[in-house]
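In the two assemblies presented below, subunit A is common to both, partnered first by subunit B and then by subunit C.
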Partner chain A sequence: MVSRHVSAMMPVAVVSLAIIVLWYVGAAMLNLAWEKSVAQRNDTPVSTIQMLRNTMHQERPVLPSPHQVVQEIIDTTIKKKITSKRSLIYHAGITLSSSMLGFAMGTLLGIVLAVIIVYNDALNKSLLPWIIASQTIPILAIAPMIIVVLNAVGIQGLLPKAFISMYLSFFPVAVGMVKGLNSPSSSYLDLMRTYNASSWQTFIKLRLPTSLPFLFTSMKVAVAISVVGAIVAELPTGAVAGLGARLLAGSYYGQTVQIWSALVVASILAALLVVVVGLLGDWVNRRMGLVRG
Partner chain B sequence: MERILFTGASVFSVLGVLLQGPWQTGIAMLAVALIAFLQLKRSRLLAAIATGGMALVAANSLIGLVDEAGAVNAGFWCLVVAAWLLAWGSVEQLSAIRTLSKIYRTVLGVVIPVLFGLWLLILWELLTRGLDVPQVLLPAPSQISERFMSSGSILWADFKQTFLRAVLIGYAIGCGAGFVVAVLIDRSPFLQRGLLPIGNLVSALPIVGVAPIMVMWFGFDWPSKAAVVIIMTFFPMLVNTVSGLSAAQPMQHDLMKTYAASYWQSLFKLRIPEALPFIFNALKINSTLAMIGAIVAEFFGTPTVGMGFRISTEVGRMNVDMVWAEIAVAALAGSLFYGLIALLERIFTFWHPSVRS
Partner chain C sequence: MNDASKVIEVNGLSLTFPTSDGDVQALQDIDLTINRGDFVSFIGPSGCGKTTLLRVIADLEQATAGSIEVNGMTPEEARLARAYGYVFQAASLYPWRTIASNVALPLEIMGLKGEEIRSRVERNLALVDLAGFGKKYPWQLSGGMQQRASIARALAVEPDLLLMDEPFGALDEIVRDHLNEQLLKLWAKTNKTVVFVTHSIPEAVFLSNRIVVMSPRPGRIHEVIESDLPPERDLSIRETQSFLHLANRVRDGLRAGHSYDEVS
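Take a look at the complex of A and B:
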């Protein structure tokens, strides 16, 4: 068991290591041009080794080295008070709250739509194509407008951002849930009929339980995409707070290290959320006896 | 269900006439709803066409009335509800039709969603104009289409910049690179086991966040947007192609071996065709991702052209109808792009069970 885990982790570890090494090489190469121009301007010969060493610690590097990013993240998380506006935990918390609200609303909307679609043939035929078409619209493009319009109506703060996340996350849930609710085979449905089960009983006792694995699979996609929605929704609000705002502020002032650290924290946040939803799904599925193990 | 809808339509028509709505429309709808209610069993198609057609005629005359002073009263809204119920009943009829003819089914499969979309637009038009919703909040579809027609050259320039350059070039390079890398690492199980979990992880990350970095590296013009698109589309393609290449059954591999097929022969004749459903899945996912990536990247800096640029500046100037016209272009381009790939999928994977059934 243990050795199987080790042999599964080995290639991942090696590839991750290779990526970090490549990152360092890339940082050295991309930042070297700046060092050369500095040396030329100062008219002092600098050894190549020294220049390479300097590329690792530039103030505004083209590509910050990994340890610079890690240092920045440590500086802005552990060493700052959480309430401080410069703390990345504070910004991540804002992004997290709006993406979670949007994710919850989107999941609910997706489930409700799926139930309606499964139980009403007319809506199945007329609504489902539009749900699919709605996703070919690059909704993130509308994000700034939704924020501005909702602001004009007087809805501010968390809700407008959550709407963007909701719009992005309802789709995978709706599609997965339709598939899940339709997944019981006809022999199960026939069995329910021989029990004289009402359509409500069939829904609660058969369709809903069998749809759960599908639901959690699509919720994993939905939670990842709701983080993207929250980050993009923070861009047009004028870089006030949140990870998206950190990205925008960083790009305004050329603070590459800040951009990269916001990006890394956002990635960690998204990955953690996916893992949490995955674990929750595993636990529920096991409790329902849907998977063995 | 249809009986409830048609009863509702009749009741609301009567209410509309009583509450001083346009009485001609009300009486006509009442008549059609009653006939449809009584003759329902005869022919679903006939009932559907009669009610649907009547609903559209009523909607048209109501839209014509919406700007007249004093026309928009309680009776008017009752008739709007009646027309909408009539249309809903018509769609219920259409979707209840059971037929074996394939052409007939295809036509129905197109007509029903189109009717639904049309009614969404009609209600949007009636509500925004009837309730005098400020244009800044939500312009009516007619205003948007007017703007769409009058500023075609700006829209075309934006479309060219964002879609024809950033999206298409980035999409082609990103998908191509993902495919090639997948074929390359396919020969090394070690790399496969190492890259696949990482690729899966990266696919779930908010990659649009690299947009400001790419703008810094490649400048304001379209190459930086294409770079974002490349990064966004690369990983889904990689992951899907790798799992697609291992989709062939051991039995099929054995067959290729008995033919003494070389690596390349079995790659091109067995494994890539087997991987096509996976590859098309990635192409479809990527078509939406590419649009999102290119437009969002423009929020971080552009030359003064491009769809994302136009949206963010016109929002600031409160020209909401222009924003909606731009959204219409994006929606149209996105749907056509997706539709084209779906069509290619049907052509290339005609043998797959999901297409055949």
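Take a look at the complex of A and C:
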């Protein structure tokens, strides 16, 4: 049991290590130019070793080194009150709340669209091109429009950001659910026919249960992009709070360490959400008797 | 025609499937009468339309010509009235439901309520020797037990007619023998009409009082053989002369039905 866990962790550990090593090499190479120009300006010769050492803790590096990012994250999470405007947990919480609202709305919308598509051929043909077209529009282009339009009709705060998350997250759910609702084998469907089951009964007792594994798989994709949606939505609004706002503020003031720590926290947040949805999906699959155990 | 003893009456029935390279004649000129309490087997090589004929009776396929009556009704009316129970080749139990709730499925759809459902589930699981397995999930049961559960599910509707499509085809010989014996006891106990599709000669001879031998391309009835075996049977009957004689008649019929297929 232990050895199986170890062998499962090994590839992940190796890749993580490789990324960190590459990151350090990249930081040294990208930040070296600055050290050289400083040395030139001061007209004092500095050894290459010393310059390389300096690249690891610049004030405003081109690429901050991993330990700088870790230090910044620790400083702005554990060492700050959660209510502080400088706490990353506070900002992550803001982003989390709008992405969760958007994810919930997107999942609901995706399921409703999938049911419509599966049960109504006319709507299937008329809706599907629009659904696909909606995902070909760059989100960065449409996000400010959505926020401006919603603001004009008096919708402010969490909801406009959640809308962007919903805009991105409904799509994988709709696609996955269409596949899931169509997945029952023909003998399962024939069985319902021999019982003279209504289409509502077939939906509730057969199509919906068989679609659940598909739903959770697509929800894993949807939850990750709903975080992306929330962050993107925070950029054009000039939001004062949220991970997107931290990214924006960081880029205004050239605080690359701040940008990178916000990025890392955002990806940790998205990864955690994917894990949570994955665990929920595993639990549902076990309850559904689809996984033995 | 509406004689009470007739459960299924088929006259001049044909069925063609349209396919991309022309129509395929699945059934041609089928005439058949099945009486109340009969155990009738359809036997034949693959492609002879035996399963298709069963599916026509069940209104899972529609005939393109001829007439068919089930309980004096059209197959559709019979299906809407839930006049039959259908057992598929695969047990087709819903994996997210326990055995008991799989058996309860048709009862829920019929709109029965708690206590009635519970007593019917219990009664029918006991009938197939699965009392006490209700809380298990399908994957926790062997193939034979799963198929018994699916028979219990078909019986729970309490139909007079049981349609079975190669229900034991995927099981090994020993389990199959055992289930054949159990099915025969069940038939004697419940006095239902059974239509049974198989491609096993011993199975057809052992179970049936009438054997419908079919031949392929197009699917036709080659011969209907009346069994002269006593209704009370156990597996030892397979050693008797009359059993072997009957089995040979079925085999000859299958061979004759097949022969001009090979010439063409």
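Heads up, the rule we're going with is that the second predicted complex is superposed on the first by the 289 of 293 C-alpha atoms of A that agree within 3 Å, B and C clash if a C-alpha of one lies under 4 Å from a C-alpha of the other, contacts with A are read in each partner's own complex, and residues count from 1 in each chain.
We adopt the following convention: a contact is a pair of C-beta atoms (placed from the backbone, for glycine too) under 8 Å apart; a residue touches a chain by one contact, two chains touch by 3 or more.
Model, not experiment: these values are computed from the prediction.
A.B. asks: Mind checking subunit B and subunit C on superposed subunit A, clash or fit?
C.D. replies: Overlaying the two complexes on subunit A (C-alpha atoms) leaves subunit C and subunit B fitting together cleanly.
A.B. asks: Which of the two, subunit B or subunit C, is in touch with more residues of subunit A?
C.D. replies: Looking at subunit A, the partner in contact with more of its residues is B.
A.B. asks: Which holds for A:V12: it touches subunit B only (first), subunit C only (second), both, or neither?
C.D. replies: Only subunit B; A:V12 stays clear of subunit C.
A.B. asks: Is A:R193 contacted by the first partner subunit B, the second partner subunit C, both or neither?
C.D. replies: After superposing on A, A:R193 lies in contact with subunit C but is clear of subunit B.
A.B. asks: Have a look at where A:V112 lands relative to subunit B and subunit C in the superposition and call it first, second, both or neither.
C.D. replies: So A:V112 meets neither subunit B nor subunit C here.
A.B. asks: Using the touch definition from the top, say if A:L208 reaches subunit B (first), subunit C (second), both or neither.
C.D. replies: In the superposition, A:L208 contacts neither subunit B nor subunit C.
A.B. asks: So if I put the vertex at the Cα centre of subunit A, how wide is the angle out to the Cα centres of subunit B and subunit C? Nearest 10 degrees is fine.
C.D. replies: After fitting both complexes on chain A, the angle is 70 degrees.
A.B. asks: Closest pair of CA atoms, one in subunit B and one in subunit C, after superposing: how far apart in Å?
C.D. replies: 9
A.B. asks: Of all the subunit A residues, which ones make contact with subunit B and with subunit C?
C.D. replies: none
A.B. asks: In their complex, what parts of subunit B are in touch with subunit A?
C.D. replies: Contact set of subunit B toward subunit A: 1, 88, 91-92, 94-96, 108-109, 112-113, 115-117, 120, 136-138, 190-195, 197-198, 201, 204-206, 208-213, 215-217, 287-288, 291-292, 295-296, 299-301, 307-308, 311-312, 315, 320, 323, 326-327, 330-331, 334-335, 337-338.
A.B. asks: For subunit A, which residues count as touching subunit B in their complex?
C.D. replies: For this pair, the touching residues of subunit A are 8, 11-16, 19, 62, 121-122, 124-130, 133, 135-142, 144-145, 148-149, 152-153, 220-221, 224, 227-228, 231-232, 235-236, 243-244, 247-248, 250-251, 254, 256, 259-260, 262-263, 266-267, 270-271, 274.
A.B. asks: What does subunit A use to touch subunit C in their complex?
C.D. replies: Residue positions touching the partner: 185, 187-188, 190-197, 201, 205-206, 209, 287-290, 292.
A.B. asks: Would you pull the subunit C residues touching subunit A in the complex into a rising list?
C.D. replies: Subunit C reaches subunit A through residues 58-60, 79-82, 84-86, 88-90, 92, 94-97, 105-106, 108-110, 137-139, 157.
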